[in-house]
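Note that subunit A is present in both complexes that follow, paired respectively with subunit B and with subunit C.
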Partner chain A sequence: MTVSLQLASLLRRYGTFLGFLLIVSFFWSQRPETFMTTRNWLNITQQVSILCVISLTMTLVMVGGDFDLSVGSMASLSGMIAAVLWQQEVSLFGALGAAILVGGFGGVFNGVLVAYAGLSAFVATLGTLTIFSGLALLVSDGKTIFGRAIPEIVGDFSRGGISLTEGIQLPNLTLIAVSVLIFMGIVLQNTVFGRNLHAVGGNREASLLAGVPVARLRLIAFVVNGVGAAIAGLMLVSRLSSANPTQGDGLMLNAIASVFVGMTMSEEGEPNLFGTLTGVLILGVLSNGLTQLRIDTYVQQILTGLIIIAAVLFSRLSLRRR
Partner chain B sequence: MRQNLFIFTGILLLALPQFLFAQSRTLAVLTPFLAQPGTQLMVEGFEAAAKSKGWQVDVIDTSGDVAALVSRMEDVALQKVDAMVINVDPSQIRNGLLAAKDAGIPVFGMDSGADPLLTANVTSNGYVMAAETATYVVDQLNGTGNVVMFIFEPYPPVQKRGAIAESIFNNEPDIKIIEKITPSFDRGPLEGARNAMEAVLTANPTKGSIQAIWAAWDDPALGAEQAIRDAGREDEDIVIVGIDATEQARDRIAARGNLKATVAQDFNGIANTVANTVEQYLKSGSVSRSQIYVSAKLVTADDL
Partner chain C sequence: MIPFLHLSNLQKSFGSVPVLRGVELTLFSGEIHGLMGENGAGKSTLIKILSGNLVADSITCTLNGESLSLAEARQSGQLSMRFIHQELNSIAHLSVAENLMLGKQLPTWAKIFVNQQKLSELTRVALAELGITYIDPKQRMSHLGAGDQMLVKLGSAFVVESGKPAAQLYVLDEPTASLMPSETGKLFAALERLKQKGSAILYVSHRLDEIFQITDRITVLQDGRNTMAEKTKMLKPQTVVEAMTGRKISQHYPGRSDILSKEVLLSVQDLRNAKLKSLNFSLHKGEILGLAGLGGSGRSEVLRTLLGIRDFSGTLSLEGNPWQPKLQNFWQERLAFIPEERRSEGLVLNQTVATNSHLPFISNFGNFLGLLFQQKLRQESEEAWSRVKVQGTGITQRIWQLSGGNQQKVLFARATWDYPKLLLLDEPTRGVDVGAKQEIYSLIRQASQEGKSVLMVSSELGELIGLCDRILVLRDGQIYHELQAAGLREADLLAYCQGVRAAEITE
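Presenting the complex of A and B:
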């Protein structure tokens, strides 16, 4: 391989990441006193932590060749389940466990519909999106649960963290996102399950013929994603010190966008964790930096959309040119 | 590399005019509800008041996303603005309020709920507004009839309205609440209310089976009125009332159709009172009251 070809390959692989670094440099140059500070970066990691968790587990589903539209409403539902249980004086961990179980069951439901009943992931998870959303409204009676119903420790958790220096701490929510990243990294890179799931996403028919338990792997991916959505929903309740039946709904589109941006960072255009993380950080840094630059919030939305399209479009063009 | 250049240039081009024209900022207005007419009126009123006081104002809207609003409050706190003004339920943005508190930035509620972390909140009295329209319905019905209610429980200020109207109707022995509906927001509350009302009309086909519709805000009142017109049942004299007195509601009331009354929150008055309260705080470091009510007024066709 010639040097120029190697360079082209590197650019194709890390172009989006370089774009991210350029965005960071731009904001740094414009707001030197506030943007590139430890406090601001810890802020950003905390702000993207919830999206990060949901996007990382969504990556798993997308590695298997499926996707899940129901993650946002599952996040709302699981957060709501915990809040309702706390309101009924169920113990802290009892409610957390129940919420995560609900996420797991939701994942099983999605997985069975898609992997065993043969429904398209789009249709099945569009249906469950509506079901989970309705359940969140039903269990809460449509109300926001806040105040004393939410244990103080839940709200305090998102404000706490590991103290680094005077007044600076590594936020707990960031730590959860990092833990999920490490876990997903191990699952996808270092387990037979992860390698087989890649094979399923790459060529389902060939995997079936090779004896890979395709349906079971897809089901497991959905279950992990359901649990991920539940964890994200609980993080959201902690961050807002309240539970609202629709508060997680916006996560789904951003999660899918992050995975798609991340897919530009793979030679074959496959979902990958590092890429998803970059996608999540791009979205987070854009919101943070553009707010600091006082860019109109509607212009921010347009810019974010344009950057997502640009990243995916250029990656597609460079793939075609190969 | 072209990809990166494209991104970089895009940001540069779109960002440049913004900070060419506005270098220093003093106040930030943050809300997830800027698409709501009432919020728009308040934000515009506040911007006008702030301009007259020589303040710079940044308006940040997160399009319904409350978690994003908390993040933006943290960003703004880092920017050390002089004050934040919010239009959102404060119980849902506790982390944002604490970030402001840590940064020593006062936060003022503009038609928010009361919260100890707010320096002050300026609002209309939701209980009084709901009581105004509910008693109007009772009076129009001479204390007898079937009422459909459009409520919205997730947002506490609107939930309050429903609670008080319900108690007033329940206190009248001959008034019966036949439906309590939370309109779907999928295509906006107006469309959601219209669809729900069509179903209620279908379920109650007999003329005179519904005497009134009480809505916790104007959009569902307008949607219900459209459904009644579409069903050709406008001659049944069903009394509809809303709250907020939006332009569209005023038009319909002036047309003397089924929509008979609404309550005008004095959005401009709220905005001006917030601006004056902020000014008072910035000058003296304190406010006279932390919960300030601005009067609202019942609007009927005779007022238009």
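Presenting the complex of A and C:
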């Protein structure tokens, strides 16, 4: 490989990360006193923690060559279920368990439709997106649950954390996201399941002919993703101290966008955790920085979309092989 | 007589593998020219260069005696060609007329609205060239039988487009592969009419009988070189076959083992399914059994049935026990398979050599929690790497970076890793360079000497003869001959595959 080729391949792989650093330095220069502080960064990690969890489990599904549109409405549904159960005086953990169970079942439903019934992931999860949305509205009767109905400890959890120094703490939500990151890292890199799932995503036909249990692996990925969406939904309830039947809906697009941005950072253009994490952080830093610059959230949205397109376009332009 | 189109000194390599090494092709107007050669002889590459899908490394081209480049000739409209390929790529939910006009300028009103009436008319005229009047242009393609669909695709070559020059050269690549004899007759009649009108026709086929029936001149390629260019009436089928196969001096096959085990590993009785008609055969331990036949004869179908991905009826037994093949259990039963399509069915291209060499066995490297013993997998992959002598930078290399031959060796490493009882090989040396071929031959031979049984499909007849102990010749899903490979001549085997009667061969 010549030097220029090497440079091109480096640029392609780390271009997105470079873009992330550029965004960070831009905000740093604009808001020197407030942006590059430990407090603000911990704040950012808390802000992105919910998106992070959902994006990480979405990465798993996408490694297997599928994707899942229903995660946002699943997050809404599971949060709603927990809140409704608390309203009915069900115990704290009973409601949490039920919400996560619902996430798992939703994943089973998606997985069976896609991996066993052979529906396209797009159609199947578009359908379940609508179903979960409707269910969330049904169980809540379209109302927001807040105040006394939500146990105090739920709201306190998101405000709490592990104290690092005086006044600065590592938020609990961040800790959850980090735990999920570590868990997913082990699953994808160090387990039989993870390695086989990479193969399934890389070439389903070849995996099938090699006797890999393709359908089962895809199903499991959907289940994990359903559980991930449920956890994210619960984190959202904790963060807002309230549950609303549509509050998680926006997570789906951002999660898929994060994975796509992350895919530009791997050698082969496959979904990967480090890339997804970078994607999540780009979205988080943009939102945090632009808010500090007092830029309208509507403009934020436009910029976010442009940056996603730019990242993918850039990696595609410099991708010339095979 | 000045030839219509004359190509000479045509050279083309893919990477370091030469495919065409100085080929010459001379086409005359008003003649049907047969192009023959075994698989890999370079016929399709030649056609792709004609159509402009590939660019030759070097070429000299004259059109009606005037020298110019192929690209110029195409663009200037002096060389207008029509191509008909063997695959049936029709769009089922479009009408016959729309399929026929696919990729061509549709007749319109005011340059916007499709003129359906004109479209039907054009289609009717084109189909009439083939002597077809019973197909309604407005019918959906999916309502037609496979033969009629093929005829419609053929018809697309006879469409007269307004404002475009009429075609002077028709190139047909194995057009009869999926045609019934009566349909073939219609095609031949249409070709005869085109010939009378003064068109040049290049007709590519494996089928000797057809070539002798309709062509005026034959060019034979072998290993990217011309071995024959002669008028058909001066030739006999046998000489053409000799020119196609030749004797490949460079090919050496490792010596076969002289003692064959009497023990039967696999026995197949009355195996039938949609494409197979009552097959009976047995495979001994350590034996290499070849399946020969033309494309569509059912060779690969046998392997796929044994793999457990085809429905069938019949009795199979493995090591004396009744056996029902199931894909999920296939590799765990210590059976192994190398598919025909290496890239789409064999490899996960974006993964490492290590993953690919152990794809069916990743779960063997997990503990009870499903955690992977990475170290063990690495060691095994290193061992496999050196066992099959892969040339590359190491087991963490992505497999797409390796050459076809080295990729194939990785598949062999996979297939032989778990001490398999049986290897099913589908075209084990397709798209592999000569050096790697040699090594793969040794690997196959070595497997048989270790007592593994091999059932292999190959279109390279020399390879079957050189490697196999016995060869079954398949045609239309039936076994027509069982041959001892030792001493068999390639030309004879080809004749058996094509269904030439035994008497003509011994002549």
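To be clear about the criterion, the second predicted complex is superposed on the first by the 315 of 322 C-alpha atoms of A that agree within 3 Å, B and C clash if a C-alpha of one lies under 4 Å from a C-alpha of the other, contacts with A are read in each partner's own complex, and residues count from 1 in each chain.
As a working rule, a residue touches a chain if its C-beta (ideal position, glycine included) is under 8 Å from a C-beta of that chain, and two chains touch if they have at least 3 such contacts.
Please read these numbers as outputs of a predicted model, since none were measured by experiment.
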| item | value |
| --- | --- |
| Combined model on subunit A where subunit B meets subunit C, clash or fit | fit |
| Subunit B versus subunit C as contact partner of A:16, first or second or both or neither | first |
| Subunit B versus subunit C as contact partner of A:55, first or second or both or neither | neither |
| Subunit B versus subunit C as contact partner of A:244, first or second or both or neither | first |
| First (subunit B), second (subunit C), both or neither touched by A:125 | neither |
| Contacts of A:190 with subunit B and subunit C, given as first, second, both or neither | second |
| Subunit B versus subunit C as contact partner of A:205, first or second or both or neither | second |
| Subunit B versus subunit C, judged by how many residues of subunit A each one touches | B |
| First (subunit B), second (subunit C), both or neither touched by A:276 | neither |
| Subunit B and subunit C, minimum CA distance [Å, superposed model] | 24 |
| Interface residues of subunit A shared between complexes with subunit B and subunit C | none |
| Subunit A residues touching subunit C - in the complex, by the definition given at the top | 186, 190-196, 198-199, 202-203, 205-213, 267-270, 322 |
| For the subunit B and subunit A complex, residues of the former touching the latter | 1-4, 6-8, 10-12, 14-15, 18-19, 22, 25, 58-68, 70-72, 74-76, 78-79, 89, 91-95, 98, 152-156, 159, 182 |
| Of subunit A, residues touching subunit B in the complex | 11, 15-16, 18-19, 22-23, 26, 30, 34, 37, 39-40, 43, 46-47, 50, 137, 140-144, 146-147, 155, 158-159, 236, 239-242, 244-247, 250, 287-288, 290-299, 301-303, 306-307, 310-311, 314-315, 318 |
| Interfacial residue positions of subunit C with respect to subunit A in the complex | 307, 309, 327-332, 337, 339, 344-351, 355, 359-360, 362-363, 365-366, 369-372, 374, 398, 400, 414 |
